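Same chain, two partners: chain A is paired with chain B first, then with chain C.
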Partner chain A sequence: MITEFLLSRHEKKTLVVAALILLAAILVPLANLLAPEGSLLHVPDHLVPLMGKYLCYALLALALDLVWGYCGILSLGHGAFFALGGYAMGMYLMRQIGPRGVYANPLLPDFMVFLNWKELPWYWTGFNHFWFAGLMVLLVPGLLAFVFGWFAFRSRVTGVYLSIITQAMTYALLLAFFRNEMGFGGNNGLTDFKDILGANIQAPETRATLFAMTALLLALSLILSSAIVRSKYGKVLIGVRDAESRTRFLGYRVENMKLFIFTVSAMMAGIAGALYVPQVGIINPGEFAPANSIEVVIWTAVGGRGTLIGPIIGAILVNFGKTIFTAAFPEFWLFALGALFIATTLFLPKGIVGTVMQGSKARAERQKAVAAEKGRTAAQPSQGAAAHETQAAE
Partner chain B sequence: MIRARSRPSLFSPVRWRLAAACRLFVLALVLTAACGFSPAAAQEALRPLVNALGTGGFPERAEAVKALAATGDPKVPEILTYLNDGELYAPKAGGAVYRIASGNTVIDPLTGAPVEGVAAGGLQKIRLNNTLRGAITTAMSQLTLLSPDRDKRFSAAQDILKSADPAQLALVDGALAQEKDNAIKGLLGAARAVMVLRSDHSVEEKKAAIETVAARGNRDALTILTTALAGAPADLVPVIEGKIEGIERQMALWDVAQNIWYGLSLGSVLLLAAIGLAITFGVMGVINMAHGEMVMLGAYTTYVVQQAVATYAPALSTYGLAIAVPTAFLVTGLIGVAIERGIIRFLYGRPLETLLATWGLSLILQQAIRSIFGPTNRQVDNPPWMSGTVDVGGLAVTWNRLWIIVFSIAVFFALLTLLKRSRLGLQMRAVTQNRRMASSMGIRTPYVDALTFGLGSGIAGMAGVALSQIDNVSPNLGQNYIIDSFMVVVFGGVGNLWGTLVGALSLGIANKFLEPYAGAVLGKILILVLIILFIQRRPRGLFALKGRAIEQ
Partner chain C sequence: MDSKITNSILYLDNVSVSFDGFRALNALSFVIEPGELRAIIGPNGAGKTTMMDIITGKTRPDQGEVYFDGAIDLTRKDEAEIAQLGIGRKFQKPTVFESHTIWDNLELALNRKRGVFSTLFYRLTTEDKARIEHILETVRLTARKNDYAANLSHGQKQWLEIGMLLAQEPKLLLVDEPVAGMTDAETSETALLLKDIAKTRSVVVVEHDMGFIRDLGVKVTCLAEGSVLAEGSIDFVSNDPKVIENYLGR
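So, the complex of A and B:
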């Protein structure tokens, strides 16, 4: 039944993008590991984690699109869920270091030895198991989103107010994680990872596998999101976005609908963070910075919100641009990013995908109208056919 | 060359400064000694004491310094300066002390006349150690107690109070008898009381001394009383304990006052930063993420004005800040109008997009400033009337904080008057309450919007002028205040300036009250969490506008 839910009623373009991502999941690792060095098909080792990073960002943008594009909740704190997922994974990776740390303490990570801590804090227990960490990657962001959303949506905090308090949330977490006493490595965060599930984290094979996993999970999330937004629930969600009060008056429990999508989105962001950390090799409180969360919003906006595939494209494009820009003209990256914010909101409010879709839709309608016109001149249409044609033209 | 350069590191700078200070004292004292008493007899009385400087180990010499100081003779500081500068010599076996200033001339330290028949080679320099240097400093301050210069006596009295060596009791008594100035009398009285407490005196005298010490009511008094408690006779213990308790209670009160003061200070800064935001948000429903950058631009305007004044009109440098206030208002106000006309007016009705566009703008402004002025902090000077501290009871009130509070209140009331009394204010309020109705009544809402945005930005610029006095002027200046300003606006509610005032002050004070218990960072986190919770109770802030216009 779940498979049926997942596989039915998708738009063609969503399926195409999902298929492309899956193709990348297979081809990129193969091209990295099997193609000989120097051949045209070879993907250099340093590119694999970089592309993996882009895909993590794409997953984060997709998560944001679910709440912003389909429910009208502009979250300026999605970076927090991303970072929390990342920290959960980072804690697992820290525990895997074992006695290979600088202080060679079998139990405590280096920074705790450095802080002169004697035992592992209670909230670190269990993180030596991968399954537990994996569970926490979903549960911690999900729980935070649930509690936060429970309060926020029930008291009908909407619009910019909601945006501001999500920003306050991630800012508070930023300050909290900077504290050494929190037990998450303070300013330096968690780093120096050695291996994941027994495999060396630096090895090309591990990186290729991580990339494949990221792509796979991104494709799955895309299908899941598409299934959600195209279900009946998803349609109501769009109703909430466009006319919240009206939907409420029609008898829907708007706050529950928002809460569900917010929590799902937060978990997705958590997964993105968890995949990000082993590929980048570090997680620190900087990920909580409000500026990061706002950057995610611009990826989504550039790609086109409310399209699901738009944010994926936007995240990859903008980050690719960032990589190029910061290497070539580091001075001007902020100018470019700022201009991108302004230009997108002013001239491209629907984003790339939205604008393209609008254009193709308009073209299709024009063609239909032309066809209808031809049909009308060719033969005197019956009453019923004319009604049908006008409907089609609409 | 290298040796010469390394000298200051070999000799502690404290010592150099001490030597310089001593020379000053000497100058002053020599001048006053001109009207002094019969020199020769007094000098001969001093001689055995001076000679004692050359005999014995360090402790004995320290005693000798004390003995010298106790005489109160105007010649003594001069001698002590020689000693401190290492100009005093004595034969190895002890005996007479001589001075060798420059070259190899041996002179009598008291008369200054050359001494015949003593070879410089046979003499040894009287060496100093830290105890001895300490003794010299104390002796110097004792002697300056009698100086005719009020400031010198004042600082000397403070020194005496700090060290409060019972051995100096006689000296303090002497100084007290001559002293006319009440402030110095108070200090000396306290010093005397402390000395009495530390030495053997009758219970009655000690009781009076406890009263005097307790009357000072500060942390030092508390320490003195606590140490006195340890060795106090049985019938004094309850008295001292009572006094300690009283002081502690008083100090707790002062602590509360200090926290309120810090809170007010922080609150006034927040008020300045948030008030412009509140106006734009209230009237236009626009969250201006570039507001922090307007503050930053105001601070940089202050810097530029300061540089310009220093270059072109150095005479006006004291008033540079006063010139910067209207300049910053104009500069940022014009930029604000330009932003509204150039970007924001195309985004009305889409507040979330406005938020993003202004965020993009803030990135551009930050980078622009970084490119022009560089990423490092710029130095904005405090004018003399804004630096320094004044003590009000147990409160240390810094002038710049005080001026900022005054300034923010002035800005607040000026704005309030503008909104309540002027035509523009009337129109702004009308647009805030019901844009469409206002428009129907003939108010040109786009014009009001542009002016409102300009006004809000201009106020942010003035906030920047104030912040340049207490914070680093760097491209990130605005970022540090923007989230706090949002919190103030969200907490206070929009469309009502009083809400912003109450919001800013209560957040400021709450922050400073949480800090001692939770630490600065945790306190801030707590505040954020509290606001997030508060928003659940009152989604539209403390002073929400009531009416239909809000639910759009």
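So, the complex of A and C:
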């Protein structure tokens, strides 16, 4: 049933984008590892994790789009789920350091030794296993989203009020993770990672593999999201977004509908965070900063919310721009980002992909109108009408 | 239990509700029989929409009893549950899913399992397809089934919403001002449609258009200031001095 669900009814452009991402998953590592340095095809080592980072952001934006673009829930706290997934992965990577830390404690990470802790806190147990950490990457953000959503959606908190409490949620986590007593490394966070699954995390081969995994999971998430939004459930979500009370009076439990997509989206954000941490080599409480979550909203808006491929394109473009811009004029980046958001809201309210789609839809309508016109003239066929017909068919 | 409770499709007794001290409904009581088509009239602020809010679970009454289909107490249930029990509601302003096609609007309204997973793995069966096609015929939108609902005219949106209610297969239909903004031709067609619908279920219509109510030719309840002012045939009600005073004007 699940495979049938995943393989059904996708739009062509979704499949094209998924295929392109998979192609990147193969070509970028090959171009990095096999193409000789200096050749045109060679992808330098430092670019691989950078592109991997873009794809993590793309996955985060896709997750946000599921709730914002399709269900109208503007979450200004999605960075929290991303960071939690990142911390779960970071805890695994910390435990892999073992006795190679500065204090050479076989069990305790350096920051715990520094704080004079004698035992590993209970919530760090299990994180020496990759499978356990992987499970937590999904469960922790998923559970938080479930509990948060349970209360918020049941109490019918919507619109700007919901946005504000999601913002408060990520801010509360930011403050909590800053505290040393929490046992997550305080403001330094978790870093100095050595291995992942026994492979050196700095090695080009590992980085190439991480990039390929990121691309693969992004493509899978895109297909999963597409299956969700094109199902009847997805249509109900759009119904909730456009006319919540109508959906409710048709007999749908709006709170359950929202809760499911919110939880799925949080898990997706968690995966993005888990893939991000080994590629950038650090996770700290700064990832919970409200501004980060707002940036995700901007990527999604720029790319086009409610389109699935829009947020992927938006996240990659804006972050590519950020890389260039912060190198050239670092102090102006925030102004540029703000200007970009305002310009998108004013001139491209549907985002890049939404606007392009609207344009092609309008063209199709025009062609249909021309075809209908032709149908009328076809009643008195003439050579001119036949010529017109071939033109319209093109 | 009162015999009225067990026989009627909808039973309201002594229902009152206040908002910030304003009494929207004041000891409102009336009964709808199974298969009945009832028109409700009354001036603005008479409590017509509040009454619908109470029946559909959007608002809880401060006091009074509301029973549906015999002995189901509606004051303890929420909107989704009440909708699933078989009460459909059409809003005053036509409310359809604008970014869905007409077909999808009806598919969503179909009376099928409405859980997250049953909708996630839903497949359109031939039976459901036939049902949607039948409703498209009834509301005369077959030719436009693949168009977005946003592109329909006002009158067509009203009809689509009525179609969605039919897809819900309710036992009781609450229809709030169905002919507002319709042309005369559309209005009389809507009267025919509602009369047709009322053959198989109970319908309550709130309307201001007296010509339309005359077309329906059914029992009329006039509300004012949150309670029933008069009840009976249209001629009886429109000759009632209290109704003339409060609503029709001299």
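Here is the rule we use: the second predicted complex is superposed on the first by the 379 of 394 C-alpha atoms of A that agree within 3 Å, B and C clash if a C-alpha of one lies under 4 Å from a C-alpha of the other, contacts with A are read in each partner's own complex, and residues count from 1 in each chain.
As a working rule, a contact is a pair of C-beta atoms (placed from the backbone, for glycine too) under 8 Å apart; a residue touches a chain by one contact, two chains touch by 3 or more.
The shown structure was predicted, so the numbers you read here are calculated from the model rather than taken from an experiment.
Applying the stated clash criterion after superposition on chain A shows that chain B and chain C can sit side by side.
In the superposition on chain A, contact of A:Phe178 is made with chain B only, not with chain C. Using the contact criterion defined above for the overlaid structures, shared-chain residue A:Ile294 touches chain B, although it does not reach chain C. With both structures placed on the common chain, the touch criterion links A:Val17 to neither chain B nor chain C.
Within the superposed three-chain model, A:Leu217 lies out of touch with both chain B and chain C [touch as defined at top].
Note on chain A: of its two partners chain C and chain B, the one contacting more of its residues is B. Of the two partner chains, chain C is the only one touched by A:Asn256; chain B is not.
Taking every C-alpha atom of chain B against every C-alpha atom of chain C, the smallest gap after superposition is 7 Å.
Residue overlap on chain A between its contacts with chain B in one complex and with chain C in the other: 245. By the touch rule above, chain C contacts chain A in their complex via residues 56, 58, 79-80, 83-84, 88-89, 91, 95-100, 104, 107-109, 111, 114-116, 119-122, 164, 168.
Residue ranges of chain A in contact with chain B, taken from their complex: 74, 148, 151-152, 154-161, 163-165, 167-169, 171-172, 175-176, 178-179, 245, 290, 294, 297-298, 301, 331-332, 334-335, 337-342, 344-346, 349. Remark: chain A residues 1, 5, 228, 231-233, 235-236, 238-239, 242-243, 245-254, 256-257, 260 touch chain C in the complex. On chain B, the positions that touch chain A within their shared complex are 281, 285, 287, 343, 346-347, 350-357, 359-364, 366-368, 371, 483, 486-487, 490, 521-522, 524-525, 528-529, 531-533, 535-537, 539-540, 551.
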